[in-house]
Amino acid sequence: MAGHLTVRDAHVTYKLPGRRLLAAVDGVSFDLAPGEVLGLVGESGCGKSTLARAICGLEPLSSGTVTFDGQSIPTLGLRRRPAHLLRIQMVFQNPYSSLNPRRRVGDQIADGLAIAPASERSSVAQLLDDVELDRNAAGMFPHQFSGGQRQRIAIARAMGARPDILVGDEPIASLDASLQAKVATLMRDVALKNGASLLFISHDLSVVRVVADRVAVMQAGRIVETGPVASVWSAPADPYTQRLLAAIPTADGLGRLPAA
Amino acid sequence: MSDTTPHGLSLRGLTLELGSKGSATQILRGIDLDIPAGSITGLAGESGSGKTMTGLAICGLQPAGSRLGGTISYTGPRGSAPNLLALKPRAMNALRGREIAMIFQDPTASLHPMITIEAQLTDGMRHHLHVSRSEARTRALALLSRVRVPDPETALKKYPHQFSGGQLQRIAIAIALASEPSVLIADEPTTALDVTVQAGILRLLRELCDTLDLAILLVTHDLGVMSALADTVTVMRYGEVVEHGSRYQVIREPQSAYTKSLIDALPHPPAAVPDAAAAAAPVLGKDAL
Amino acid sequence: MLVTLRRGPRLGPLARYILIRFGISVLLIFGVTLVTFTLANLVPADPAQAALGERAASDPAIVAAFREAQGLDKPVVTQYLVYIGHLFQGNLGTSTQSHNPVTQDLSVAFPATAELALFVIVFSIIIGVGLGTWAALRQNRFVDQLFRVVSLIGISIPTFWLALAAFYVFFYQLHWAPGTGRLSASLQAPPKVTGLYTIDALVAGQYTTFWNALSHLILPGLVLVLFTVGLLVRFSRSAVLDVLNQEYVLAARAKGLSPAGVIFRYVLRGASLPILTIVGLAFGSLLSGTVLTEQVFGWGGIGQYAYKSATTLDLPAVMGVGLVVGVVYILTNFIIDVVYGVIDPRVRVQ
Amino acid sequence: MTSPDLRDPALRDPALDAPTAGAATRLRFAAVRSRLRLPSAYRRPMAIVGFTIIALWFIVAIFVPWIAPFDPLAQQFDRLQPPGPVNWFGTDSLGRDVLSRTLYGARISLPLALILVVASAIIGSVLGAIAGYFGRAVDEVIMRVADLVFAFPTIILAMIVTAALGPSLTNAVIALLFVSWPSYARVMRSMVLGARSREYVVAGRLLGFSPFRSLQRDILPNVAAPVLVLATLDFGNAILLLSGLSFLGLGATPPTPEWGAMVADGVQNFSDWWLAAFPGLAIFTVVVAFNLVGDALRDSLDPRTAGAVQGVKI
């Protein structure tokens, strides 16, 4: 199966006012194998979104490499995105700004379909079925949908392109708590059903645990721990991961305060 | 009222409607809720359930042009009011911040970006308690230490953008406590924060509730936070209370179908925790029942 | 993961911010000299002909002498450098119409306009921001609607027409207002200190002159105030509305502060940046307005001078006016930028 | 709106049910700008008044030869007659009918203002969009030129430019074009900058949209509405500037029946109020009308200022 993503010693550095530099991503390496679901977890400012953007060619690397099936990923400047990279697609955090408010849902999903190889091309109706939305949705505009529904539309649009890799950049962070696990699971199912691997980025370790096979924990631009999700969850090795896990309040009705 | 009346707030049949008489929207449809002192009362619900509006209505900060009904009675160490809704604006304003304080979801938005922490921390107490500038400053330093903001002396001179979100929320809590209120409305106080930062704020709120005998209304959609902090839980939907009970009862043995669906949607429903372990588990903070 | 590369000169953030703004202003002023100079050199109409009149212009010798005297025979770049060199000596050239140095003409006209503009801007800020805030606090009620209508009229009415109408009604018909000019003909200008008659008269203790100068200021002043206030009411209303929707205002109300405390300490401070911006813009349109009204009131300020020199193709004078007004406007905006930095700690960081 | 909780359905814009209050505030403009609700804008009473006035003036401009009682240039009456049964608006210093001249003035001001606004909106928007989307050197050059234009008060610069080109209506329009494109460029640039990083634009690029297609499909439709509002409000401004230049003698030349120039006639014959009163009123009504319509359009784009929301009680 094609679609192997390799990240080696990636650095992304921003210039700040006052001649300071911010190393948002500070030497990150990992692999994403075809058909795998990797959860990337960390708190705000840890560089996880920057890393996701770098993988899609939206941020320039200051050093290191990101390769997709052996080809390096150039920064998407003012050129069109090279054809082979179209097989990496992304679902964004904010369902309220990730769809063009002035175009019909069906047309936007069709944008994804248009770049899929003809032999694998699905249909708008099929994609709407996949994300459990009514087929009539195609004729409507984004503002007629709730946040959770919009995120499903965004997933359908990305999957229409038949990507090898689907990147979800905090795709559930803006949703109501009762929807988060549902949408995350849907995303995993749709990706795997269509033969894509999933890079699922979230600040919420408890949701990542439900969808990911493997998890990487990021702190201050570095990956501090990586491993199968079950073992990281039950026996975290890194002190930061331990803190992160201990801080999650569990809805057990027991009134236990999380460790600070 | 006699001294035996328990301190705190009591809402009875609270209604709120918005819009003109002809096309009014019912935001709250008769809320009954008790917020006793020394306890954290949780108010849960999804977007649009009216839980935030309930908190605002208690403070008299409902949107202009909305109409309130029902009663909100208040009993505190310094006095009581049979119905806050019947108070004149001036009287309500004297109560606001003094007896009933509020903290908001996003401290970067609820603090004024162009005013120093000292000014924002002291203006409320100078207004309500009529203390001198220097005394206000002393109190401010004590408050900042109490909410564990490091280096209070320097912190007073700074502006909000110079702090992290967690520190800012601590400062916002200090501002709310500045005039020694007896009721604190906390509207999604940790939703905008990272989980490790959230833990610290949750512990702080618990500690303040216990040591200051505060009546805290915790408004949140996060059942994890609710389970960690609240003593009793009220679940709202479409402006109505659908369930009310002790924390354990609402989260572990929900009666209404809606609460059940909320709990089942969690990535790790509480059923995963064995009941035996639950019974034996050490419980921090107070249990309401 | 913050790394400090090099330390800059030891300047506070505010000082550095002001220095940067100042540098930008200086660059803009150079740009302005370039614009005025270029435009003046674009003139298709022959300035020699305009200055000398038909008959003299038909004599090539006279024209050549004129061109040489004005430096019009040299290459453009040299002309520009000469122009800049002269600017540094305060030399803006000689008006082809009045035959005075432009600097001298402007030194008479400038205080006249400054007096009018200061009078107007001070009143407009007080009235405009006050009414705008009031309207925002009473959104969609009667006062709000009323102020909206007044400000709409203010920005929609042609200034020059309003000036004329005001003059006709209050001077010609009602005889309430004094006639044209800055002082009645019977009075002498007070000894020059600032060039502003009202202030100079007070300094000299000439109270009759002071009241007379003030009474001359009122009508042109009010005409310009109506327009400027219209602008300020509109924008401060929307700036205040913006701030009223901020959560920090809700938080301030939750503290139980007095309504006045919330408005003055929280709302107006929050709205101050956009209001300052619009004050800068209003100042610009005020300068434009003076050009259109000074003519009607025979005010003898920059506006009237600009009008005369533009219609007579008096190049040095046009360049001089453009330059002076441009510089004044840039400096005003520089001051506004500095005030930004002082009142908003976040601005300094950027 | 006083509540931070935009999640409450009654408080939020129907287009928007954002999950968190913070995100909602940020998103509000995106969601709101996206739909220009023209019908409701035109249903506001003030907008109807404005729209009617504009329509009447355009009808006058088109059909003036049939509407005006007399030839605007013919010097056929006694000079400086006050308004009367024959000459409703009186006659001017050359014995021409002021009413006919005022009506014919619409034929001059309206088309010129239209050309001016459309041209400066197009030039400014294109330059602003280019500057915002492509950034770097192009952006620097375009925006520094705009800054320079902004360094002058409008009419002063227009006056200098007209003086340099020579007084005529065409040159006045050129001069005003020169001074009015930068405001569109600034608005367009900042909106394109904002839109460029919006997630749906990035999503489009990831789906292989070329920059041009992205600009045309995702960005421009979503930033067009504010530019339209700006242009509507600017129309009144254009009329004021044009007539101002003519008033100063830098625009229309005699005997053109231009409103500003006619008011200037009134300055010469000061006691004959009707000379200036009627052309001045004509300018005023047109400008007010465009401002009314522009305001209504802006309000419909930005519900914050619209009637749906009550004020904040403090």
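Just so it is clear, A, B, C and D label the chains in written order, and each chain counts residues from 1 on its own.
The rule is simple: a residue touches a chain if its C-beta (ideal position, glycine included) is under 8 Å from a C-beta of that chain, and two chains touch if they have at least 3 such contacts.
Predicted model, so just to flag it, every value in this text is computed and none were measured.
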**Item:** Higher-contact pair (C-beta pairs counted), A-B versus B-C
**Value:** A-B
**Message:** Taking each chain's centre as the mean of its C-alpha atoms, which one lies nearest the mean of all protein C-alpha atoms here?
**Reply:** D
**Item:** Distance between chain centroids, defined by C-alpha means - chain B, chain C (Å)
**Value:** 51
**Item:** Centre-to-centre distance between chain B and chain A (centres being mean Cα positions), rounded to whole Å
**Value:** 34
**Message:** Need the CA-centroid distance for the pair chain B / chain D, whole Å please.
**Reply:** 49
**Fill in**
Residues in chain A with touches to at least two other chains are numbered 176
**Request:** Identify all positions of chain D at which a residue touches two or more other chains, and write them in rising order.
**Result:** 1-4, 17, 19-21, 310-312
**Prompt:** Which parts of chain B, given as residue numbers and ranges, touch two or more other chains?
**Reply:** 47, 61, 104, 106, 109
**Item:** Touch list for chain D against partner chain C, complex
**Value:** 1-4, 21, 144, 147-148, 151-157, 159-167, 236, 240, 243-244, 247-250, 260, 263-264, 266-267, 270-271, 273, 276-277, 280, 283-284, 287-288, 291-292, 295, 304-305, 307, 309-312, 314
**Complete:** The residues of chain C that touch chain B in their complex are 246-248, 250-259, 261, 265-266, 269-270, 272, 343-346, 349
**Fill in**
Given the complex, residues on chain A that touch chain B span 43-44, 176-182, 184, 203-207, 209-210, 243-244, 246-260
**Contact set on chain D toward chain A in their complex** = 14-20, 23, 27, 30-31, 34-35, 134, 198-200, 202-211, 217-218, 221-222
**Request:** Write out the stretch or stretches of chain A touching chain D in their complex.
**Result:** 56, 58, 76, 78-81, 83, 86, 88-90, 92-94, 96-103, 111-112, 114-115, 143, 146-147, 154, 157-158, 161, 174-176
